[in-house]
Amino acid sequence: MAENNLVVTVSPHVKSPGTTRSVMRWVIIALAPATLWALAAFGTAGISVVLISVITALFCEVVWHNLRTSKGVARTWLALALSLGVPAAGSAVGLGIAVAVATVTFMAAFTFSETALERRGEKRHVFDGSAAVTGLLFALVLPPVVPWWIPFIGSFVAISLGKEIFGGLGFNVFNPALVARAILVLSWPVYLTKGWFKPLVADATSSATPLTAIKEGTLAGLSRFYAPLFLNNPGGCIGEVSAALLLAGGLLLILAGIITWEIPSTYLGTMVVVSLLVGQDPVFHLLAGGAMLGALFMATDYVTSPITSKGKIVFGVGCGLITMMLRLYSKSPEGVTSAILFMNMLTPLIDRSLNPRPFGVSRAAKGVRK
Amino acid sequence: MKAQMMDLTRGVVLENPLLRLMIGLCSALAVSVKVENALFMGIAVIFVLTLSNVVISLIRPVTPDNIRIPIFLVVVSAFVTIVDLVLKAYFPDIYARLGVWIPLIVVNCIILGRAEAFAYRNGLIASAMDGLGMGAGFTMVLVVMGAIRELLGTGSISVMGVTLVSLGSGFQAPTFMITFPGAFLTFGLVMGGLNKIQAVMAERAARRATPSMGKTASGGA
Amino acid sequence: MEVQAKTFPGGVRVTHSKDRTEHLEIRKAIDPRTVVIPLHQHTGAPCDPLVKKGDRVLVGQKIGDSKSFVSAPIHASVSGAVTAVEPRPHPALLRSVMSVVIESDGAFEVDPSVKPKGDLDSLSPEEIKQAIREAGIVGLGGAAFPTSVKVSPPKEKPIDAFLLNGAECEPYLTADHRLMLEEPDLIVFGVRALMKAIGVEKGIICVEDNKPDAIDAMSRAVADYPNLSVAAVRAKYPQGGEKQLIRAVLGREVPPPPGLPMDVGVVVNNVGTAAAVATAIRTGMPLVERVLTVTGSLVKEPANLRVRLGTSFNDLMDQCGGLTGEPVKIVAGGPMMGIAQYTTDVPAIKGTSGILVLSERDTVLEDATNCIRCGRCVRACPMFLQPLYIRMYAEASRWDLVSRYSPANCIECGSCAYECPARLPLVQWIKISKAELAAKKGGR
Amino acid sequence: MGELHRYFLIFFGALLVYNILLIRFIGLCSYFGISTSMDTSIGMSLAVIFVMLISSTISWGLWNYVLAPLGIGEFLYIPVFIFVIASFVQLEEMFIRKTAPTLYKAMGIYLPLITTNCAVLAAATEVAKPGFLKMSIAYNYTLPEAWVYTLGVALGYSVALIIFAAIRERVDFAPVPAPLKGYPMAFVTSALMSLAFTGFTGLFGL
């Protein structure tokens, strides 16, 4: 028996090139054009929000990873205490920006050292980029001019409460970025819904976005908003600057086979149908607010959307209906966040009841098992 | 005396209705928005629970077994009506806020639970002590939750118009804590925190109990 | 013949990597000095040895048979002395199996029982079935199901179509492809014999459209038989699966287990099986050799070899110029469904369709990470199952919830695990679930 | 059209905007206990819809035709309602056990649980003494409105319970941090569910 070190595993022995890491990389590539364009539009304000959000997300991921695998627990608790204590103390004493910069650089340094340590001896830690995606997506749903601690606390909440508390990637029920945004809207509404510069609004008095303007009925003749909304809408959140680049990124993901067509098309399609029924301008509704970002990048998050294509269609239609219902009949101008969170909640039920037809069971008698 | 103390403390820690037995949630979460609400609800529950335990254990010999539940209900609802009317008369603004949840004390699982499990089988003093203990445990948890949510949610705690604690004007309070999801989250995280503390204590106790055998495999959650 | 290529729902696009061997002629392997012939080379009851240590055997002589219906006799592939009848490592069952070890005397004297069975038209279906049974012929696609059982469906299940499986969708393997190019007439003869045995009128030869030359060769071979035709099917894995081929070509779906193709009036056989049937009838020689591909990036000169059954993997790899590096995996069969070997001292048997030597780069040895519910395994599954849930509930040993997703339907083609970005061993968990549910008798 | 519109608003308010479990926190004892399995959740939902509709009708009748005219409503409504509901559930359990054993098997075992369920009493009280929902539309319940309201509450209870059961079927298999295992995680999951429901505040002006 020749001495050999053959590996014996179950088939298959070859795999497709796609890995979780490559999926996340594709999402970041698809988001890059819209993000860069927004950062150009908003300058340092936008850049700092994105940076703080992404760095905090990575830091939070490292902290949770160390605690879960109890590696370097002491230094992790210390790092966590520092990253929370310093800003709290600093802002209490009114140090503002200096504290912010110090905290963010500390977090970046800690994250880098942890991952470097990880790569050296131990096998590469599963730093699959999902935290970076969550951080980036969360930054895109924030308005550009916010206090520095909004992306900081928001990112903490997104990673901890949105994902890691459920046990890590793949187990969370709700989209982490939207959980954070919803909690922040309920915590500090003043920063999240109003109060950022809007060269776009017809009259100077109300400082609302075009969407709120509709609600207050002060806006007529929406078509003149198509071009700016499509290309350069500084009125909404960071991610909503250019619907065109978001659409391009979304199509890229569909072509690359990362996301499937069902959710974006049914989501946006339902919005068009509903706005036609109600007599509103469908194109405007697609371009305005978080619809494009929501339908292409938030609703299509694997972990929190249904698995089967039937489930995805139901999910998309549900999101579309609720978004329009909230936009038309509720106080708040934007319905995308609540719509997607609500449908995320329904996803386990959808997955449980909409199963694919078993092979060999005649198409007529579709045996959908409960 | 030792037995009575046991009855009293059992409700507070070992069998805390809210955190351990998970009963009586109906009136707890909604009320934990302000410490003031929590206090009044807690006192109401202590009052109703203690007195109904006493009455139930008193009329124990005479209650026919098969219809004891409706009888319990009548006794408890009598006391609840008293609370309802007293609050409406003397504390109208509190009543405006707690209005709905007072009648719900009748079907509150703690009261029926203790009546069935304890009062119906034990003496007068023991039942009273148990009622008091359970009520105290319930109130304590409610007040702690109320404090956390009110302090974080509004930046200061004020009872009957008197602000006891305040985090200063600079603090921009996350009003999420006083919204509905905030209630669930606070309860969940506090319960988790308690489990963690209990696990750590159990581990330390286990390690202290067998120092001679060196680092043994510690127990804990 | 530009007919639109048919396909089935589900399945995955795999890189064929057949380029190194698809243009190589089938070469006769060097005759081995010793052969190890396991007595269990097929699905069904293992055979009992008919020879003992010291006996002299001839090529084609029956050395093992079983009384049970679902079985296939075993024959000697060399003439010489039996040196031992003892348990030896087995390439498919991953445990030692009773085998007959024969020392070849180099004469390769043929056993007198090997005589042509006569002209096809004069043979009755019963005689053909008897010839197939005696020749020990089994499905050479990989399942190794005794062909004699497959060609005798019960009366109440009428068969109206015969499919010849020339899909060979497993990457790297090119044995069937070469066979169709070099011996199309032998294959057609085998198909007609099988169809006569079953008593079916229509015969369709299915070939993947990534083998146009094979399609042309087979089309010419069936030109003068009106009831035979060639269907092109789109090259997509697992097109070679019985149920997927029937769905693609005829649009019918075999019912869930214990359903069989005969329940929808179809019998499917492999190209190699047809050739073996033709040989058994024309020359009377039982199944003692088969064509397999020895390939992989580490094999210096990969080849399609006609191998005497029982030849060891070591001999076959040596005559292909040996290895150019340290192999990570040696797989019996294709990379998608093949079985990784723990030793190279195993014999090539009836079901071995290829020997694959994979280097670090070819195979993927990454650790599994969390399932991100991307749904690719659900889209890839040709049996419309949901592998992620089977794994999730199996890992928590919740077999009641696992049985709700019917793992018994799984054909273990590996498409789900191939697609999984988290590298989760989905097929392994499904196999565990099948065993667990079967043991509990509760499983569907 | 006005009447139909009011029914829609009341129903929608009770079902989504003021969901009895996730927004008003009433009936949580059974909510956390029952939702560990889908079958029990469905059984309980059926039982709750059935009992709530009937007990609300009775309490509405009692309030408008007995308690209010006699002017003793303010003092006696608690004991009367709870007594009526408890005895009615007892009666009904016997009735179902005799007439529909299959139905009994599906939801019968939950009937005794319902006597201590706050949601049923809350709905009954609200139908009689409006004010607990604080909806912006002025209402004093006529019988059809009472039914619409109770149906909204009952369906709201069932929807929340069944969704939570489906989610728990997944979260129970997740590697949640040790101290959070079990009930604490159920609370946190409900927090996020409540977050999703809070998205509807102010819908249709409710």
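The first chain written gets the first letter, and so on, giving A, B, C and D; residue counts start at 1 in each chain.
Note that in this section a residue touches a chain if its C-beta (ideal position, glycine included) is under 8 Å from a C-beta of that chain, and two chains touch if they have at least 3 such contacts.
Keep in mind that what you see is a predicted model, and the values were worked out from it rather than measured.
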Next on the checklist: Taking contact as defined at the start, I'd like the list of chains shared as neighbours by chain B and chain D.
Outcome noted: A
Next on the checklist: So using the touch definition from the top, which pair is joined by more C-beta contacts, A-D or A-B?
Outcome noted: A-D
Next on the checklist: Which chain has its C-alpha centroid farthest away from the centroid of chain C?
Outcome noted: B
Checklist entry - Centre to centre, by mean C-alpha position, how many angstrom separate chain A and chain D? => result 34
Next on the checklist: Between chain A and chain B, what distance separates the C-alpha centroids? Give it in angstrom.
Outcome noted: 39
Checklist entry - From the C-alpha centre of chain B to that of chain C, how far is it in Å? => result 69
Checklist entry - Cα centroid separation between chain A and chain C, in whole Å? => result 48
Checklist entry - For chain D, what residues touch not just one other chain but two or more? => result 169, 177, 180, 185, 188, 192, 195, 197-198
Next on the checklist: Show the residues in chain B shared as contacts by 2 or more other chains, in ascending order.
Outcome noted: 179, 181-182, 185
Checklist entry - For this entry, which pairs of chains touch? => result A-B, A-C, A-D, B-D, C-D
Checklist entry - What does chain C use to touch chain A in their complex? => result 12, 14, 94, 171, 243, 253-256, 259, 327-331, 335-345, 356, 358, 362-367, 369-376, 378-379, 382-386, 388, 404-406, 409, 412, 414, 417-423, 425, 427-428, 431
Checklist entry - Any idea which chain A residues touch chain B in the complex? => result 91-92, 94, 161, 183-184, 186-189
Checklist entry - Where on chain D does chain A make contact in their complex? => result 38, 162-163, 166-167, 169-171, 174-177, 180, 185, 188-189, 192-193, 195-205
Checklist entry - What part of chain B is in contact with chain A in the complex they form? => result 168, 170-172, 174-177, 179, 181-182, 185
Checklist entry - Which residues of chain A touch chain C in their complex? => result 1-2, 4, 6-16, 18-20, 22-23, 123, 126, 128, 130, 168-171, 260, 302-303, 307-309, 355-362, 369
